[in-house]
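Shown next, in structure tokens, is the structure this report addresses.
Order of writing sets the labels: A, B, C, D and E. Residues in every chain begin at 1.
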Amino acid sequence: MIEASELTKVYKTKKKRVIGVDNVSFKVGKGEIFGIVGYSGAGKSSLLRCINLLERPTSGTIRVDGLDLTKLGTRELRQARLKIGMIFQHFYLINQKTVFGNIAFALKAAGVRADLIPARVEELLELVGLSNKRNAYPAQLSGGQKQRVGIARALANKPSVLLCDEATSALDPTTTKSILALLKKLNEELGLTIVLITHEMAVVKEICHKMAIMQDGKMIEQGDVYDVFAAPKAPLTQEFIGDVVSFHIPEHTLSQFSGTIAKVIFKGSVAQQGIISDTLQQFSVKGNFLHGAIEYIGGRPLGIFIMELKGEPTAIQEAIAYIKQRSAEVEVIRDGLRAFS
Amino acid sequence: MDFVHLVEMLPDMWNAFVETLLMISISTAVAIIVGFPLGVILFATDRGLFWENQLVQSGLGFIVNIVRSIPFIILLVALYPFTKALVGTTTGPIAASVSLSVAAIPFFARIVESSMREVDKGLIEAAIASGATPWMIIKDVLFLEARASMVQGLTLTIISLIAYSAMAGVIGGGGVGDLAIRYGHYRYDHTIMIATVVILIILVQVFQFIGDLTAKATDKRK
Amino acid sequence: ACGSGSESGNAGDSKEIRFGATAGPYSDMITKAIIPGLEEKGYTVTVNEYQDYIIPNRELAEGKDDANLFQHQVYLDDFAENNDLELSSLISVPTAPMGIYSEVYGSLDEIEDGAEIAIPNDPTNGARAFLMLEEEGLISFEDGIDPLTVSVKDITENEKNLQFVELEAAQLPREVGEKPLTAVPGNFALSAGLDLNSAIKLENMPDQYRNVVAVRSEDADGELANDIKEVVESAEFEEVIDKEFAGFGKPSWMEE
Amino acid sequence: MIEASELTKVYKTKKKRVIGVDNVSFKVGKGEIFGIVGYSGAGKSSLLRCINLLERPTSGTIRVDGLDLTKLGTRELRQARLKIGMIFQHFYLINQKTVFGNIAFALKAAGVRADLIPARVEELLELVGLSNKRNAYPAQLSGGQKQRVGIARALANKPSVLLCDEATSALDPTTTKSILALLKKLNEELGLTIVLITHEMAVVKEICHKMAIMQDGKMIEQGDVYDVFAAPKAPLTQEFIGDVVSFHIPEHTLSQFSGTIAKVIFKGSVAQQGIISDTLQQFSVKGNFLHGAIEYIGGRPLGIFIMELKGEPTAIQEAIAYIKQRSAEVEVIRDGLRAFS
Amino acid sequence: MDFVHLVEMLPDMWNAFVETLLMISISTAVAIIVGFPLGVILFATDRGLFWENQLVQSGLGFIVNIVRSIPFIILLVALYPFTKALVGTTTGPIAASVSLSVAAIPFFARIVESSMREVDKGLIEAAIASGATPWMIIKDVLFLEARASMVQGLTLTIISLIAYSAMAGVIGGGGVGDLAIRYGHYRYDHTIMIATVVILIILVQVFQFIGDLTAKATDKRK
């Protein structure tokens, strides 16, 4: 659906050249949700803006639905954009139009018949929970409300591709969830392809199929979300993923536990299948859970638990071996502190 | 003040008032009808915008500046044949309106242009991303967002036109300003001068008031 | 033009005429001294006032006005020739003479070297000022210069080193007292309430510098032209002049 | 430090009155970090803006450091504001000044000597990691970079109170963490009092001492973060808290487990002290961990785990009784599904 | 075109050019010095702003409008005593500059006012929250943010002044516009008329060019 190859975007300012996007290639299949994460200033927004050619890439090509956008004339480009919805980081609502008017604008752009517009707008307002703000002007809306208008606008023309630049970062968790659920629904039911920039890994985990990490304009890692979460390669990726899954345990907490600290990872099949309790019952070790969860990433369970094992070193060794044997991965984060063993 | 004289002149002042309104209305209308699209083109053909076209930009800009360069009286005379062809006469308020319009068009066009420059580029981008046509961007984004500022600029234009219309007396355009000059300047008739200036002040205040009110009423930002 | 319900005979609408003039005494002269006579003859007259000296003649030539009164013979001839217009004068009327006013000097003889003199900046009135000064021997020009377009640049000798300040004619009365010397055209002097006799020097006006009633040449022998002439030559006209336009220099035909 | 009593802010628009803040009272002690959460449009920003009187409350009073701000003249108010830093949701940077200039502006406002400004700005830039963007203009910055400039500006004059409106919502997790660490450090070392609006409960958990939940302009619940997290009262609070702590387990996951599902909460003392493993070893039940963590809320550990217990119903009963006896709270979320028990 | 004549008139044209520059410089300087603060006050005393003061707002607004109402020639006449007291003479380019300045001040003030209205209220709020003084807000926020728009407005003012200065001939101000009128209009001297109009066009283009360039160079938004 989207195919970017060797995209580069260089900003020229008076004194220096800033490389926003640096030779980035990626593919997003039809009906896929592609998440892009990275530090602030990594080039995420720049990349997204290259996709619908709001920013003309300095070099490289971008194909959407088979069309090489960089080769299109203005008219065709406009047609192509009707099928690419975009949600902006800074909303960019027309200040002089009501919520209704802002959404109707997008419909008019697509040439929707005037008499069909009101019903469609109502539908969209319902969708984002803003029916009661129909006649409010942007200046009278809270940040999250503005963002929701932006979302409704982007969805107005039932686009086949949706570009979201931090679409939920101004929203409370509940609204975020409902918006994500909505995106997921549109994705599943209508096959909407979504490219989504976010800094919340929870969002990636929740709805993305594929993901990429950007750093200094480059895409340093990309792949299936499940794979990336299960085995992040680049240090930056690990850092990001760690936020949701690998549970970096603060020193503070660790210092309270004297036993061996191990990370146990269950992939694919449903969780532990009693492995842990079996282990505890079979070997003379005591276990304390420090942290853990079964995450469903793209619907597949991934269980990661951090636990303290206390007992004779040999017993612990055996226990770990047993767990590994029962098809789980175990990583010893810290050996037991001798003093207490 | 000579009240008998003032009363005696009332019909003339009324006439002049009607003539001024006529000239202002016509030339304001023309300034809007021609100046607005011109301003939009000047704006939208600039670098990085949706009609980017350096040639049209500088060409039109040059013409606009030429018209603005020519002293009004010279413009009046230079436009003689054009005025004649257009309205069939070269004197009177209607003929004067032709020159006033020609003078007002580039003035207003520049105002439209610079008002639009103040519109957040992000809004234009969002509209472009929506697949909006240039026409929609102009109508629903640029026009609306720049409206309050353009209304203020229109007020400026109208008030300048009132000042300019005083010179329309040269071709018998009449109007309050002309009366002020003829009586105040040429005839040293202080009564009429003061009376006409008061009329002008009221006229300008009214336009400013309406302009301010409209600008505020149409502005939906805080 | 073909008034269907008009009761009057052949003259019909043509009895409605328009008279051009510059704002000031000459439009007043039309209103006060000429219109009453014309109205008696059945005309309805509108006066069109102008702010400059070019437009009224054009309007006359174009048929927008039927006659005008604001210029002298020399200017009219020159203008008509320069612009290829068929305009003719009908008759000259009493004209206010230009005067040189001063609050510093009692006469022209007292003028000091390098004194400033404010003069009109339009060619017609400006030339009159220069010609006055030439007549008084204060300045001189090359021979054969066009008396109508004489300007500062044509001065060959300037005995007293006069410094010329060119201003709009209507502005000049305001400079009396400000500048040591001011040459003010009569009409503006009268408008501003200056006493013509307070001038240290009044223009010695040859007839060709008196204002004339002008019409299109084709109409010069028409009914209207004759009627205007009759009115101006009437005793009533002279009566009004004597009463309302004191100080205006009468043309030679009137003195006879 | 901050004492708001019966604050109400009503916005009047042409057609209707919108109540932004509805009779809100609260106190924030010196050196406390006060978090405000709530749905989009709940009135959080409005309330925050009332604190430094950017928005004059329709009624009620606001005291900062003992001064009733509503009673101050313009000059005193300006003085008072120097000590109240503010971070805006929409950055509001001066577009025509560089990053340096924007920060220097705040210093100049406080009358800092011109020769001392550059050093102080550098220090602040270092703090927010923007030293390399010193001479960039806001238009050349990414969203997160702009936000960081806003943060530096707010901290410029070493304020005693800091108001943050979604200060980290545009930031990636790492930057968020470093900013939060910074706020915490300033709070601890300099006794900075902070009022912080966020929609990320993780932020509240991480650094707030007290918190409040807003809904429709009202403050529906407030208290110590620990207490609120441990025992949220209002349904909305539960919803918010649930996001971080109580681990709502999706139906999807639950259906994969047939045993009794129990939520075990360990308060205060360090975690489980082997309670779970003791239980598993003493009773003939199998246990599977579904989700759980030890959260440090305001430095005190709060362990919440969700687990599946499998075995004879009586054994499970006994196990639960044992756990309760060992001073943990247990809440049975679902009894074992008979078919499998 | 009569080249001999043109060459002969060159010194006059040069003089006129210098006079025009003189008048424009003086009146532009005054317009900035007086009009800018006036515009700021008009802006900042409006409702909801940091110097909110309805009385000052409408009072100043009224005065500004009065000056804008009066036809330039009448203004010239009305300012006679003031001009005399200020510069000691009532004729010449310096005297004309007084009236031009008085006309330009309210024009530019309105432009400053409406440029500032376009500044995002949030920026002003952020500055207020920083504890900035009104003076700092004006200097570092309003001035900077409205600068590009004000530069455009200043261009408009200067070009309008060039047009107005043509009327300065009434009191002997001279200048290129006056030359155009006196030679072109009154004396049918087409050579000079065309030459002067060309000078005016160049002058206007140069100012517009400098204005556009400055506006763009000083604007740090995209």
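Keep in mind that, in the parts below, a contact is a pair of C-beta atoms (placed from the backbone, for glycine too) under 8 Å apart; a residue touches a chain by one contact, two chains touch by 3 or more.
To keep track of the chains, here are their UniProt names: A, D = Methionine import ATP-binding protein MetN 2; B, E = ABC transporter permease.
Predicted model, so just to flag it, every value in this text is computed and none were measured.
**Student:** Tell me which chains count as touching both chain A and chain D.
**Tutor:** none
**Student:** Based on the averaged CA atom positions, which chain is farthest from chain A?
**Tutor:** Farthest from chain A by mean C-alpha position: C.
**Student:** As a quick test, compute the distance in whole Å between the mean CA positions of chain A and chain E (ABC transporter permease).
**Tutor:** Those two chain centres are 55 Å apart.
**Student:** Taking the mean of the CA coordinates per chain, how far is chain C from chain E (ABC transporter permease) in Å?
**Tutor:** Each chain reduced to its C-alpha mean, chain C and chain E (ABC transporter permease) end up 37 Å apart.
**Student:** How many angstrom lie between the CA centroids of chain D and chain E (ABC transporter permease), rounded to a whole number?
**Tutor:** Averaging C-alpha atoms per chain gives centres 54 Å apart.
**Student:** In chain C, which residues are in touch with two or more of the other chains?
**Tutor:** Chain C, residues with two or more chain partners: 52, 54, 170-171.
**Student:** Quick check: what residues of chain D touch more than one other chain, meaning two or more?
**Tutor:** Touching at least two other chains: 90.
**Student:** Quick one: which residues in chain B (ABC transporter permease) touch 2 or more of the other chains?
**Tutor:** 73, 77, 167, 181, 185, 221-222
**Student:** Can you identify all of the chain pairs that touch?
**Tutor:** A-B, A-D, B-C, B-E, C-E, D-E
**Student:** In the complex of these two chains, what residues of chain B (ABC transporter permease) are touching chain A?
**Tutor:** Touch residues, chain B (ABC transporter permease) against chain A: 50, 120, 122-123, 125-133, 136, 140-141, 144-145, 147, 218-222.
**Student:** Please give the residue numbers of chain D that touch chain E (ABC transporter permease) in the complex, ascending.
**Tutor:** For this pair, the touching residues of chain D are 52, 54, 74, 78-82, 84, 86, 88, 90, 92-97, 101, 105-106, 108-110, 137-139, 153, 157.
**Student:** Show which residues of chain D lie in contact with chain A when the two form their complex.
**Tutor:** Touching chain A: residues 11, 13, 15, 18, 37-42, 44-45, 89-90, 135-136, 140-145, 147-148, 166, 169-176, 199-201, 239-240, 243, 247, 250, 252-253, 256-257, 270-274, 276-278, 280-281, 285-294, 296, 301, 305, 310 of chain D.
**Student:** Can you name the residues of chain B (ABC transporter permease) that touch chain C in the complex?
**Tutor:** 73, 77, 80, 89-91, 167, 169-172, 178, 181-183, 185-188
**Student:** Which bits of chain E (ABC transporter permease) are touching chain B (ABC transporter permease) when the two form their complex?
**Tutor:** The touching residues are 48, 61-62, 65-66, 68-74, 77, 107, 110-111, 114, 117-118, 121, 148-149, 152-153, 156, 159-160, 162-163, 166-167, 177, 180-181, 184-185, 193, 197, 200-201, 203-205, 208, 221-222.
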